[in-house]
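Quick one: the structure is below, questions incoming.
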Amino acid sequence: MTDLTAAKGVYAIAPTAFHEDGWVDEASNDRYTDFCVESGCTGITVLGVMGEAPKLDMTESVSLASRMIKRAGIPVIVGVSAPGFAAMTSLTKAVMDAGAAGVMIAPPNTLRTDDQIVGYYAQAAEAIGTDVPFVVQDFPQTFSVIMTPGVIRRIVQASPNCVMIKHEDWPGLEKISALRGFEADGSMKHISILCGNGGLFIDFECERGADGAMTGYAFPDMLSDLVRLQAEGKRDEAHDLFDAHLPLLRYEQQQGPTGLAVRKYVLMRRGVLASDAQRRPGVALSAKARAEVDYLLSRVARFDKRADVGGISRAA
Amino acid sequence: MTDLTAAKGVYAIAPTAFHEDGWVDEASNDRYTDFCVESGCTGITVLGVMGEAPKLDMTESVSLASRMIKRAGIPVIVGVSAPGFAAMTSLTKAVMDAGAAGVMIAPPNTLRTDDQIVGYYAQAAEAIGTDVPFVVQDFPQTFSVIMTPGVIRRIVQASPNCVMIKHEDWPGLEKISALRGFEADGSMKHISILCGNGGLFIDFECERGADGAMTGYAFPDMLSDLVRLQAEGKRDEAHDLFDAHLPLLRYEQQQGPTGLAVRKYVLMRRGVLASDAQRRPGVALSAKARAEVDYLLSRVARFDKRADVGGISRAA
Amino acid sequence: MTDLTAAKGVYAIAPTAFHEDGWVDEASNDRYTDFCVESGCTGITVLGVMGEAPKLDMTESVSLASRMIKRAGIPVIVGVSAPGFAAMTSLTKAVMDAGAAGVMIAPPNTLRTDDQIVGYYAQAAEAIGTDVPFVVQDFPQTFSVIMTPGVIRRIVQASPNCVMIKHEDWPGLEKISALRGFEADGSMKHISILCGNGGLFIDFECERGADGAMTGYAFPDMLSDLVRLQAEGKRDEAHDLFDAHLPLLRYEQQQGPTGLAVRKYVLMRRGVLASDAQRRPGVALSAKARAEVDYLLSRVARFDKRADVGGISRAA
Amino acid sequence: MTDLTAAKGVYAIAPTAFHEDGWVDEASNDRYTDFCVESGCTGITVLGVMGEAPKLDMTESVSLASRMIKRAGIPVIVGVSAPGFAAMTSLTKAVMDAGAAGVMIAPPNTLRTDDQIVGYYAQAAEAIGTDVPFVVQDFPQTFSVIMTPGVIRRIVQASPNCVMIKHEDWPGLEKISALRGFEADGSMKHISILCGNGGLFIDFECERGADGAMTGYAFPDMLSDLVRLQAEGKRDEAHDLFDAHLPLLRYEQQQGPTGLAVRKYVLMRRGVLASDAQRRPGVALSAKARAEVDYLLSRVARFDKRADVGGISRAA
């Protein structure tokens, strides 16, 4: 089994490709899987918030994850967040049987106190099985659950199967430093820290001690290069690359269905997805927004040719 | 098919009975079903918040609801709230096929604006099928979603299959008057209004125009009597009965697992459930709390013999 | 100076009386002050949530509090909650100079983590001056801030000037037991626990170890009797008295301006306030609601003559 | 009086300068005022969220605003948000008497329904005086209040003195288009739209019809240039300038005291403020964070010499 505590690089957050009529588009999902591998990703995370997971029923969820696990050849983490442990456990069992490297669990947005958060993860860790590696998703902007570094340490120390943090707090740089400080002073075991939040701070997050990115920005190839450059100590080159993408990356980093619509649109322009459709309820980009994204792509392309998607949008 | 817009009386919110080890206790659930019928309930609602629905997986949910539908012989409404429409639709189809009278849908707690709320119910109404009657659960204390009377009217008018409000706003008396006013002035079609919130205002809710109760207070027999007395115009008698129960009813009306623990404990004392166990994660009443409930039962029993459960708790 | 850690009995939460035109009604506020003393209250708390404090400017606030302090002859606690420490400190200094026994501080509803809550009170305790006794208001339903017993202990232990909890969590009985347990095991110094939440659980709160009530139910005389009966070990008598009032008390216990409207209306019917007006923005009771309260008063009066306010409402 | 409905350009959100000991630093505030004028700002907004307004008492607030109004010679808008209308009205009167161009009002975070939001602004508009121009602050990330375009239209149409939106919703581009569409179809009168959110989308916001920026990014001179370039139709130049600043601007755009700490630090590095101190409770940048900001400044300086603040931080 993959030791996820040692995970580094880029775990792409997979969108789920749909046909215009709402059915899962398997060919596009396959293409996305291949695209991640070719982009240098070290893993993929499927059925996350940006994967429209709640719109899939259990059968679709298991099918999608299993197909990706089989095809990818790199570790796949599966989002199993659910309103109750029964559904979480069922999905976990199915995807672990299918070969998942681990699962990701977001906190229900009713949690408030430190003890509630720690208690929830202790229960979840036991419910899914103490042999199943799990990732804590720390994303206060979306889940309204605020975990201090001390709370994360309590979760990590309480559950041997807690192997990774998907870090997307904001402001969050000092949190990474604090967690790595806990490891340095021996008060917390080592875990992998992969950063989300659309990559908006990934340039500095790597410098603070994060192991890489877990996000779905439509250029995982850029993210892979960035993490590699930082690992090689090529700081200025890393920032040059990041800065060239930042205007687009920032545009994609809009919460909820709007950000996802941008992401899917770019992936369509790059030839990965056949459509940028979201399953209902979703949003479609306005003509103005598509033109804005096209403009941003053309500007990124001056620096990074991978953004040169041709002058005419297939979706125009 | 039952015309739920004409529903009156008491729809009991069914708890889900579990054995101490966490497995569903079918015998107790059967006994509860019979108990509701004997108590004069006109319907049952299963898989609601107080039914620990999120702790059940899909198979258990369908099995539990189907068994109750088959046994009850009175209309059964099934809670199908889910984080996405895929799971909601699957469960709805299964239980409607099994003979459910309709489904109940709570709003996700991310909804904020009027349009978001109205839009959500329009999408849900379409997702489950426009031939499936549904109940809107209006419970701001738990869901953090606030629906004005105007918003409820928009939902009702937009969806022919919206047949009932489970009213549990608080303060909520003026809302009932406002909704009945909409019906009177012709701006909203008639729907059934059944009131929840543990029954804490059911005495006056009936007087304001509600059709009855949809709540799980451990004395559905009292609630049935109360609604009948109000319908017969016996106001003082209705209040006398209600007031005798209010100290206990108030004690049971504690949000979340504590209130449920009281409810299950009383149902156990009344011989309906074999155990007051909640599936994990849950809470158990402290010895002090059990003694307090026993004391309250003994006081209610001075007025209503149905509360005379014997001097010694089986659970002591 | 009054030792508030030893406070017992009833601290009435004072409403602020206004004339119909919105100006402060000093005569009614004086009458309320006298009424509290005559009702056996051991203290008064002014400028709380139900005192419409945010609608008063600083001059009015200080004037109102000072007048009450001077007149009452019993300890007066003043609500000084404010969005920042500058305003809090100014008001605290003014009312302490005027003879207040202490101040009450509610948590801003942006606090989430344990450390944020503890940190806030540490800063507040220092900002107001470490010689100023303060009360922590623990009211999650209104403030959305959840304090575990452990967090309260941290606050109490960190600040020698923390002298009291206004307990209005719900469910909250086990929290009282937990806090008294901390005192028993020596891990927390003794503080006074006075209970709010409209008095809805005051019957059992006293039995769990609370020192009394801090709430504004329009019958502080009943609350005084209740606390005394419980102190004398007359449990059944205490519950008989409480139960007689519970239907009305429950009706008054509606969050926000509706509950306040009921309270002011009853105080007007009892001859204490000249008007039930709220300063804008506020709500007025509907004719139906007034009739419901009149009905409840008449029912309470069968047991407690103090509720016999005459057959005709002055406000009808 | 300035017609704020015609406001264009950049209204700088003023931080409040403090000495290290917490006292207001008048010299720095004066320097900041002059700096805004020299930077081409068309107005200043003082006592906003990022102005640490809640930490100032009433006297300090009035003094700070009055001094800035007198010195600036350009319109000054004053934040008057308060938990109640009494304090809001007092502050409004004081600053309007001192010559403010208008006031800004944020919604209390307890508002949920459309009617609550519209009602609040109607009451506020009347409370401050219908002759006082006011700005609606639309900032869901901070206030948790979500205003649809339709709700904003209702507010604008209901109150003749509503003159401007401080737009900082996110995603928010379509909202600007929707509001300008309302003006085009005649359903809403013209108002000024100035954009906040740290400027993170100001490049496209101008293209969507916004009149400019109201934000506190430490380079108001860049923002002025950007808005001017967009007005002149120099789109590519505008984006080139924006993109050069985006890495730093993004870093400053961290919610709460962290973002403010970055802002004050850069203003200190630029020689405007003598200190980056926040009044307690506040945060100080870590040494790592300061080094990161220095690095970002050096990178911006390759394109924009105004970011060349010298190699050695005064604060190092």
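Before moving on, here are some points about what is shown:
For clarity, chains are labelled A, B, C and D in written order, and residue numbers in each chain start from 1.
In this text, a residue touches a chain if its C-beta (ideal position, glycine included) is under 8 Å from a C-beta of that chain, and two chains touch if they have at least 3 such contacts.
Quantities reported herein were computed from a predicted structural model and do not represent experimental measurements.
Fewest steps needed to get from subunit A to subunit C, stepping only to touching chains, is 1. Copies subunit A and subunit D of the same chain sequence form an interface built mainly from equivalent positions, shared numbers / all numbers used being over half.
Taking each chain's centre as the mean of its C-alpha atoms, subunit B lies 48 Å from subunit D. Rounded to whole angstrom, the centroid-to-centroid distance between subunit B and subunit C, based on C-alpha atoms, equals 33 Å. Rounded to a whole number, the gap between the C-alpha centres of subunit C and subunit D is 39 angstrom.
Taken residue by residue, subunit A touches two or more other chains at no position, since every residue touches fewer. In the complex of the two chains, the subunit B residues touching subunit D come out as 112-116, 145-148, 150-151. Residues 53-58, 60, 82-87, 89-90, 109-110, 119-120, 123, 127, 280-281 of subunit A are the ones touching subunit B in the complex.
Remark: subunit D residues 141, 170-171, 173-174, 177, 200-201, 203-204, 207-208, 239, 242-243, 246-247, 250-251, 254-256, 258-259, 286, 288-289, 292, 299 touch subunit A in the complex.
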